C-alpha cells in the first residue's frame, strides 16, 4: 500500500503541516523509520528521538508539532490516529466470498455469499455465518452457531453448539467458545456432571485471544459485552457477564457467575472467585487475587513483588507469625502504657 | 424432549407430590422457569423464590417440600437429582457409528462399529476406539492410542502417541494429552531434551477441560485416576499422579512427579511445585502456592487478597522489612523486660 | 532398537566397565530396570538403589562406579549421557519426505522434498519448509512462514503469517506462534486495535510447549533466542525478547516488550509486567510476581506459601494493617527511648 501524506491526512481527518506529496508505505517507530514511514510520538519521554528520526511524517499533538523538523499530522490523540493510519497502510486482505473445497459444511448451514469458509474448516447444521465474515483454516463451527457480519476467525477457532458471535469480532487461534463449563453435583464421593444448557453470547467488536476459553452458561447465558477485549489464555467460567469495553490481559481466570462491569481493565494473571460483583471502571493490577466483590470504581492490587530469594525467605517465615507479632506489639503497647502511668509520664 | 412429571419421578427414583401429568420440556432456575420447566432449590437463601416461581415442578428436600405451592419431586440431594433430570430432559444426541468420509484413518486402527469418527479427524496407526465412543471434528488420535467405551472427544482434541483414555471420558476442545513433557539435561549452557518414553493414562469417567494439557511420563506413566475432573487451562506435568475423584479448577498447574490423593479439590490458579506428596481429602483455595507436601487432610490457603492499590503499596513496602520488624519487636520486648526489672515491675 | 553396551559406549564416547556384549533395548529407572535396560544415578540420595537394580548397565560418575555391582558407563554428567542414550535406544521415526494427500498446500509454498506435510495440514502461500522438517497432522502454516531444517511440529501447531522458526525446533500441539498481540488505542471508552505488523522469530533449537502462545511484534519482532525452551501454557507478549538458552516453565506470562537475558530459568506461573529488563543468569522461583527490572544475576522470589487456611486468614487480616503495625512499633521505640532517657538507662 502506498499513499500520499495529503491523502492520508484527509482519510484520517488530521491536519497536515509540511509536504503533502510525501509517499508513505508503512508505519514505524521513530528510531527505525525510513523516509517512506509514518511514525508518531506517544510518550513525551521519547521526544528526543523526534529530532533524529528519518520518518517521512510523524503524528504529533499540536504542542509537539512546533518542534518537529519534518512533515507532521496533528492529532489530539496521536496513538489513536497512528492505529488508524496503520490500518490504512497495512490493510487486511479483503474477504472474498466462498467455501474452500476441503471445508466440510452441513447443507443446512446458512452462509452469506460474501463470507469465506477456509480450508479444512467444519460448519455444522443450522450454523449462520454473516456477510463478510472470514472463517480461517481448520475452524470448527458447531451446530446452530451464529457469526455476525465482518467477524474474523483467524484460524483453528472452535465455536461450540449454540454460540453467538456479534459483528466485527476478531477471534484468534486456539480460542474455544461455548464449551460446557465446570458444573458437577456430588454423589457421595463421585462427581456427576450437570448438563450445561446455556450459551456463550459475544457482543459486537469483541476480541478473543489465542487459546482463550469462554464457557457456555449452565442455565442462562455467559455474556461478553460489546467492545470487550480478551487477551490470550484467559478462562471465563459459566454464566460470567462482562460489561462493554472491559479489557482483560493474558492468563487471567474469572470463575463462574461473576459479573464484571463496563470499562474495567484487568491486568494479566488475575484470579477472580465466583459469584462476585465487580462494578464499572474497576481496575486490577497484575496477579491480583480477587476474593470479594468490588462494586466501587478504583484501582485494586494484591500480591508480593519479587525480591532476592534469601530476603524473601526471611520475610515469608515472619509472615507465618504475623498474627502473633501483632499480638506481641499490642502487649508491648499495654506494658508501655502501664509503665508510663507508673512512672508518671504522660503521652503529651 | 417432553416427559410427564410422573415418568420423570419414576426414572429418577424420586417421590412425587402433586400433579404427575404435568408435561416438562426443560430445566430452569426458579426465577426464569415456565410451566414446562423443572427447577430446584439448592441453597436455602433462595427459598424466597419458591413462592413466586412459575416452574411446573420443583425438586426439594422433604423439609422444603412442605412450603411449596406446586408440584414437587422430593430428594435428599436436590442438586444431584436436578443434574440427572437435566440429562433426561436435555439428552445428548445418540452416537451413530461410522467414520466421516473426510476423516483420515490409518488402516491398522481398530474402530468399534458403534463409534463415530468425525469430519477432518485423524486416527493414526494401531489406535483402538471403543464401543459408543464419539470423536468429534478435527481431533488427532495418535499412534497406539486407546479410547474406552462411550468416551466423548467434543472437538479438536489431541491425544499423542500411546495415550490411554478410559470409559465415559469427556474431553473438551484444545485438550492435549500425552505430549512429551519438559525434561532436559544440561550440557554446559545448552539444554538437551530427555526423550519422554512414558504415557499419559486416564482412568474411567475422567473429564479434561478446554486447552488443558496432560504430559506423558518421562519414564513410567502420568496417571489420572477414575472420576477425576479437570477444568480448562490446567497443566499436568510428567509423572504426576492424581487420585480418584479429585477435582481441579481452571488455570492450575501441577509440576512433574507430584502425587495428589483421592477426593481432593484444588481451586483455580493454584501452583504446585514438583515431587510433592498431597494426601487424600486435601483442599486448596484459589491461587494457593504449594511449595511443600501436604500429606494430611485439611483446607490450605495462601496469597494476599486484593485491596485498594494505595493501601497495598504501603503494606507491601513494609513486608519487605518484616524480618527486620520482627527483630525490632523482639528488641523492644527485651528492653521492656529490662526496664520492668529495673523499676521493680513484674509481669504479673 | 537393540544395541550392545559396547556399541552404545562408543556412540556416547563413554568409558565402559564390565561386559560390553550386554544387549540393551530401553532406558529405565534403577528401581524398574530389567536386564535389557540402561539406567543411571543422578541424585546421590538414590545411591542405595544401585546395589539392588536389575539394570543391564548403569551410567555413573567415576566415583560412584567403584561401588557398582554390574556393568557401568562412566560419565562426568550421567544425566546428560542418559538423555543421549535414551535418544539412541528410543529414536524418533525418520522423517520421510512427502505431502499427505489430504493436506491443503498452496502452489506457491516451497517445501523441501525431504520434508513431510501431514494429513489435514494447511500450508499457505509462499511458506518455506526446510529439509527434514516434520509437519504433523492438522497444522496451519500461514502465509510466508519459514520453518528451518529438521524442525518438528508434532500436531495441530499454528504458525501465523510471517512467523520464522529456526532449525531443529520442537513445537507441541496447540502452540500458536505469531498471532496479532494485544495492542489497542483508546477512542473515548472504545478500544481500537493497533495493527500488529511485526513477526515472531524463533531461533534454532527452540522448543514451544502445548497450548503456548508467542505473539508477533507490534512494530518490529518478538524474538526467541537459540536454545530457548518454553513449557506448556506460556504467554509471550508482543516484542518480548528472550535470550539464548533461557528456559521457562508452564503457565508463566511475559508481558509486552520485556527483555529477558540468556541462560535464565523462570519457574512455573511466574508473571512479568511489560517493558522490563531481566539480565543474564537471572532465576525466578515459581509464581514470582515480577513488577520491576532485575538486571543482575541472582535468584528471586515472591509469594506466600500455602498454610492451613485458619492460620492464613489470621495472618492475612494482619497484613492489611502491616503499615500501621510498623508505625506502632516505631512509636513504641520512641517511647522506650524517651523512658530510658528519663530513667537514666542507656542502650548499653
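Read from first to last, the chains carry the letters A, B and C; within each, the first residue is number 1.
Definition applied: a residue touches a chain if its C-beta (ideal position, glycine included) is under 8 Å from a C-beta of that chain, and two chains touch if they have at least 3 such contacts.
These numbers were taken from a predicted model, which means no experiment stands behind them.
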Is the contact between copies subunit B and subunit C built from the same residues on both sides or from different ones, judged by whether over half of the numbers are shared? different
To the nearest 5 degrees, please report the angle of the rotation taking subunit A's Cα atoms onto subunit B. 120
Chain centre separation (subunit B, subunit C; CA means) in Å: 25
Would you give the residues of subunit A that are in contact with at least 2 other chains, written as numbers and ranges? 102, 120, 138, 156, 174, 211, 233, 251, 269, 303-305, 307, 319, 321-322, 325, 329, 332, 336, 339, 343
Give the list of subunit C residues in touch with subunit A in this complex. 102, 104, 120, 122, 124, 138, 140, 142, 156, 158, 160, 174, 176, 179-180, 182, 184-187, 189-195, 197, 211, 213, 215, 219-220, 233, 235, 237, 251, 253, 255, 269, 271, 273, 284-285, 288-292, 294, 298-305, 307, 311, 314-315, 317-319, 321-322, 325, 328-329, 332, 335-336, 338-339, 342-343
Subunit B touches which residues of subunit C in the complex? 26-29, 32, 77, 79-80, 82-84, 86-87, 90, 100, 102, 118-120, 136-138, 154-156, 170, 172-174, 205, 207, 209-211, 227, 229, 231-233, 244-245, 247, 249-251, 262-263, 268-269, 286-287, 303-309, 312-313, 316, 319-323, 325-326, 329, 332-333, 336, 339-340, 343, 345
